[in-house]
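Letters A, B, C and D mark the chains in the order given here, with residues in each chain numbered from 1 onward.
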Amino acid sequence: MPSSVVNLTVNGREQEFLARPAESLLTSLRDRLGLMAAKRGCAQGSCGTCTVLVDDKPVMSCLVAVETIEAAEVRTLEGVADGERLDEVQQAFLDGFATQCGFCTAGMIMTAEALLAENPDPTHDEVVEAISGNVCRCTGYRAIVAAILDAAGRRK
Amino acid sequence: MTGYKVIGSAVQRSDALGHVTGRTEFFEDLNPPGLLHLKMARSERHHARLAGIDTSEAEKTKGVVRILTADDIPNNLFTPLKLIGVEPDDEPILAEGTVRYRGEPICAVIAETEAAAYEGAAKVVVDYEDLPAVFDVEEALREGAPIVNEHQRTNFFTYEGHHCRRIRFGDVEQAFAQADHVFEWRYQSAPIEHAPTETTGCIVVPQADGRLRIHSDTQACFFTLDNTALILGTPFNKLRIVGGTVGGGFGGKVDVVVEPVSCVAAMLTGRPVKFVYNRREEMQVSSPRAAERIIIKDAVMSGGRITGRQVTLYVDSGAYARHSPYGTTKAAAHLPGPYAIPNVWADCHCVFTNRTPSSAMRGFGVTIADFALESQMDRIARALDMDPLQLRLINAYRDGDLTAHRKPAEGTALIEVIQKAAEMVGHDLPAEFQEMSSWQS
Amino acid sequence: MAKLKGRGYASVNYPTGMNLGGDPSQALIHSTTTGTFVVSLSSVDLGQGLKTVVAQCAAEVLGLPFENILIDTADTDTGPHCMGTFASRGTHRVGNAVIMAAAEAREVMLAVAADELEVDPGDLETDGTGFIAVKGAEEKRIHITDLALAAHFKHGRTISGRGIFLKEQSTVVPETGEMDPDSCQAHACTVAVVEVDDETGVVEVLEMHNAYEIGRALNPAMVTQQVEGGAWMGMSHALFEATEPYYPARDHGPADFTEYLMPGPADIARQYSVILERPADNGPFGAKGIGEMTANAPIPAIANAIFDACGVRVETMPFTPERVLRDLDALKGTT
Amino acid sequence: MITAVRMPESAEAAAEAAARGGRVMAGGTVVMAEVNTGPVADTELISLRHAGLSGITVNEGVARVGATTTFAELRSGLGFLSEAIRTLASPTIRNLATVGGNLFVPQPYGDFAVCLLALDATVEIAEGQETPIAEWNRRPGEIVTAVRFAVPREGTWFYHKAMRRKLNSAAIVTVAAVVDRDTVRVALGGVAPGPVRSPAAERVLRGQELTRDVLDAAGEAALADIDPRDDAYASAWYRRRVLPVHVRRAFQNEEA
């Protein structure tokens, strides 16, 4: 089957790899680049566990055919911490007991990163709307919303 | 205070750092070279005889490596609780002769890519001869209902010669005869999916020494290992399970449904094999929390004392037993709820229907029973024009009470949580109710 | 149009441990040469936090900092047997097994310390920061790192321990149902406050007040996680979830998170929770299982609140807008 | 199985590619979901991502929205649609999902198509022709390049969507309407195999004050124009039963 050469900048590094036709960005990140933070919860855009930033916008990476975003800038959870130093969102999730099984966490954090980059001082309702496409089956969401608001406070 | 140094303190979760950095490894984060993908061809019928299975077109699909049928599974028929002595084996790994629910696995298609596996599975042609199906627990128990699972012989699971799990404590008939009021109501629930964000799956990697390493999101490593070894007919030490990271379990990942067939695939191809449910399979094919139907009949005195409780429970096990016989026993043990009721009678039926097999889910046997029992308490309180908390306090079990399954209660605290909840919402309780205690009669 | 408000109550108990027993779990623990204690298990952490609480148990028993404990799980080649994580058994069974293993290791640790300090083991105590010291003479002490090195390279001893917890299997008397199914019972009372839209049947849960008695809160923050997450799941079960919305027909079964309805972050209730402790004799530090039960009381509390709000008695889960509205119509005599 | 992804760089090239067959994909929120999770009959995808079809222009009160404009872009570009778009999927999906794609999703999704019907939009096809949306039927190989509609005067646009969740949920009933002195258009979603206009409701509303009685009558009248179905969200019975309530609420500015 003909594969295409795809170039992306992922977490600041230029990457070139082969992708099968109609391969999703999620598959490329995981199978080609070994970046496993984004998770496959449904591969249908209904769970949000694979959310990453493409040119600063949060999208579900399972829904993006990777060859259609040639040369894009992609940011995943692996690119959020500065070495071992967590950023504010990560630290707020950690301190706020906002993770349980952890499977939704990468998507939640990337969605929050995009929200706070665009809107550094979101209201409770704005946080809720931002993560409304991210499913969490464990926590009941309160701690997650609180952690994102906490992260906004820490950045001030 | 307790004098403890670590116990009782909110130390940070040891797994949280991995979660917030994306470094926690889930089973699917493994990507061994040469990985094959397994997808199922599944029954499109609720109940049918399999007149023929034609895999020839599927085999020709580009990328398809091999197709497994029932003949490839060493011990195809099993039941997961056989490990604790539950009989009979009633469920095939891959369908043999008959399918008993829509979505039942028939053929496993192993391919180089996920897309090829899907395409191969879609090309399996199955010739069905429909059989009558039954979807309702009470209809299934009626005389003349089609038999769902001939390995079970009847449409109910048999408990030591009985058609249901029974509780017999005191004399409910006498209680009804002497009661000021008798109330009888009915409750029902829908099947509920665990809906974990990570679907059920595994990756099996053949090892240099001939063993199989199974990376799985099972909730129970040895339970999965032991059941898998029995199905494969291999020594137990041929298998190794590596797990312990689960993207949501809630009871749904104890069924041992993906590992055995993946092991067979890995053994026959000599290559790593991944079988992971897609979202549709997780939602519609993986076992749900059983639908239940509960009828409660209570004998109640005018002051609110409940003197007798009769419960008829139907647990919809779907087409196979899995963990439902145990869940039904667990429900029986939970009756009549946290109340000291001197006369209790319960018939708890584990019923087979042509629906997706149900199994364990967070609190199964108890969750739906609590819905029924606590709705019942509210209705009694309203019928007697009583405060709903006072009704509960009057009947609450305390230390030393004998439960319906004849175990003396200890460590009870129902009264205390009710008092605390009343305080939280400003619900006034008269002094005598505020002074009650679970550990003084 | 009106939004009808109501309050409902439910009180429940929940068994800890697999019904009927016969479900052992084991733990092995050993010290590395530098005093880190590795707890080997095959138990699975589902995200409820098993690894964290059993590490707390080990640290408490050993009298060492939490950071000195590593949990190694779940690999059937390296970890001893565990029946699995279900039935609210994890903390109870594995916690007890770890306590037993840690107690055995602690005995060796104190024996070696006694040799090093030339005192009687009975005169030693741990201070929780890493030192083993002579009671009443705190300057006479040894740090666990030095002690572990000495044990290994000087005394040739392994500081280790073995633990298992088994509740003997109970059989059911089939005629009567007599059995010993559980290890202990936790308790909860939930008060739900709801609002019912009398024109659409839509139920909104505004508040949930939860009082829980769970023996011992080993880690209060994680208890709160369970209570909040479970209450959300209970609310979800109560109002939304069904794999077969037209039961017993199997039509229109939801296939993804779009169709399979669960409350989103915009639909959650305000929650207030209080934890009571009545330690169980057989629980690890008195703890009872809380993992599963937290979804239970909210369901009938919501059902009862709906009745309080609008007079509709919901008998079938989930309490969809359609079911509530059909009953409202019936009450009004419009259908 | 997909063996190639075409990425035409103009509307004409897209139309040519589509005419040769293959599955057209805009945001990917529907097509990729299928490609990822099962066998697909097509062997080629035609991605419109680089076909130059996105963008919003407003000229003399008429908006032209390129077919691959995402809902996130549209929300910031046309304020009056903000509330409608807020009810549509989730922000992460709205960063991908497109105006054109929404025309092709089956009910009870496709709320924006309901809006377009109420707005009496025209659909622009690659060949350059425009068709009123009410008369438009997709033909194989046809590519939508844009939609065009008059921006309603302030206070004349009404939108209300009843959902099972407060956010990110398909429609039980969607009501979109333009009601002006001389214009009354009411479109409904969730209550028929496709978005529908409700001439019966429009007749009741025409020239009337939007009083409770009039709105109730309009809601009742709308029942004549629907053909609801059962799905995972609600039964046909329920949709029919609550339609009048939601028609009224669309104009009353009450919360759902």
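Rule of thumb we're sticking to: contacts are C-beta pairs under 8 Å (C-beta built on N, C-alpha and C of every residue); 3 or more make two chains touch, one makes a residue touch a chain.
What you are looking at is a predicted structure, and each value in this text was computed from that prediction instead of being measured.
Engineer: Farthest chain from subunit C, comparing Cα centres?
Structural biologist: In terms of C-alpha centroids, the chain at the greatest distance from subunit C is D.
Engineer: Return the chain pair with more inter-chain C-beta contacts, choosing between B-D and A-B.
Structural biologist: More C-beta contacts join the chains of A-B.
Engineer: Using mean CA coordinates as chain centres, what's the gap between subunit B and subunit D in Å?
Structural biologist: Roughly 41 Å, centre to centre.
Engineer: How big is the gap, in whole Å, between where the Cα atoms of subunit A centre and where those of subunit B centre?
Structural biologist: Distance between chain centres, rounded to whole Å: 33 Å.
Engineer: Which whole number of Å gives the spacing of the CA centres of subunit B and subunit C?
Structural biologist: 18
Engineer: Subunit C to subunit D: how many Å between their CA centres?
Structural biologist: Going by mean C-alpha positions, subunit C sits 46 Å from subunit D.
Engineer: If a residue has to touch 2 or more other chains to count, which residues of subunit B qualify?
Structural biologist: 10, 12-13, 15, 115, 195, 245-250, 278-280
Engineer: For subunit A, what residues touch not just one other chain but two or more?
Structural biologist: Expected reply: 41-44, 46-47, 97, 99, 101-103, 128-129, 132, 135, 137-138.
Engineer: Which parts of subunit D, given as residue numbers and ranges, touch two or more other chains?
Structural biologist: 2, 35, 37, 167-168
Engineer: Using the contact definition from the top, classify how the chains connect: line, ring, star, complete or other.
Structural biologist: The chain contacts form a complete graph, every chain touching every other.
Engineer: Quick check on the complex: what are the subunit D residues that touch subunit B?
Structural biologist: Touch list, subunit D to subunit B: 1-2, 35, 37-39.
Engineer: How about subunit D: which of its residues touch subunit C in the complex?
Structural biologist: The contact residues of subunit D facing subunit C are 162, 164-170, 172, 230-235, 237-238, 241-242, 245-246, 254, 256.
Engineer: Help me check something: in the complex, which residues belonging to subunit C touch subunit D?
Structural biologist: 1, 199-202, 240, 245-246, 251-254, 258-261, 263-267, 320-322, 325, 329
Engineer: Under the stated contact criterion, what part of subunit C meets subunit A in this complex?
Structural biologist: 46-49, 221-222, 224-225, 228-233, 256-258, 262, 264-266, 268, 271
Engineer: Once bound in the complex, which stretches of subunit A touch subunit C?
Structural biologist: Per the touch definition, subunit A meets subunit C at residues 41-42, 44, 46-47, 97, 99-103, 125, 127-129, 131-132, 135, 137-145.
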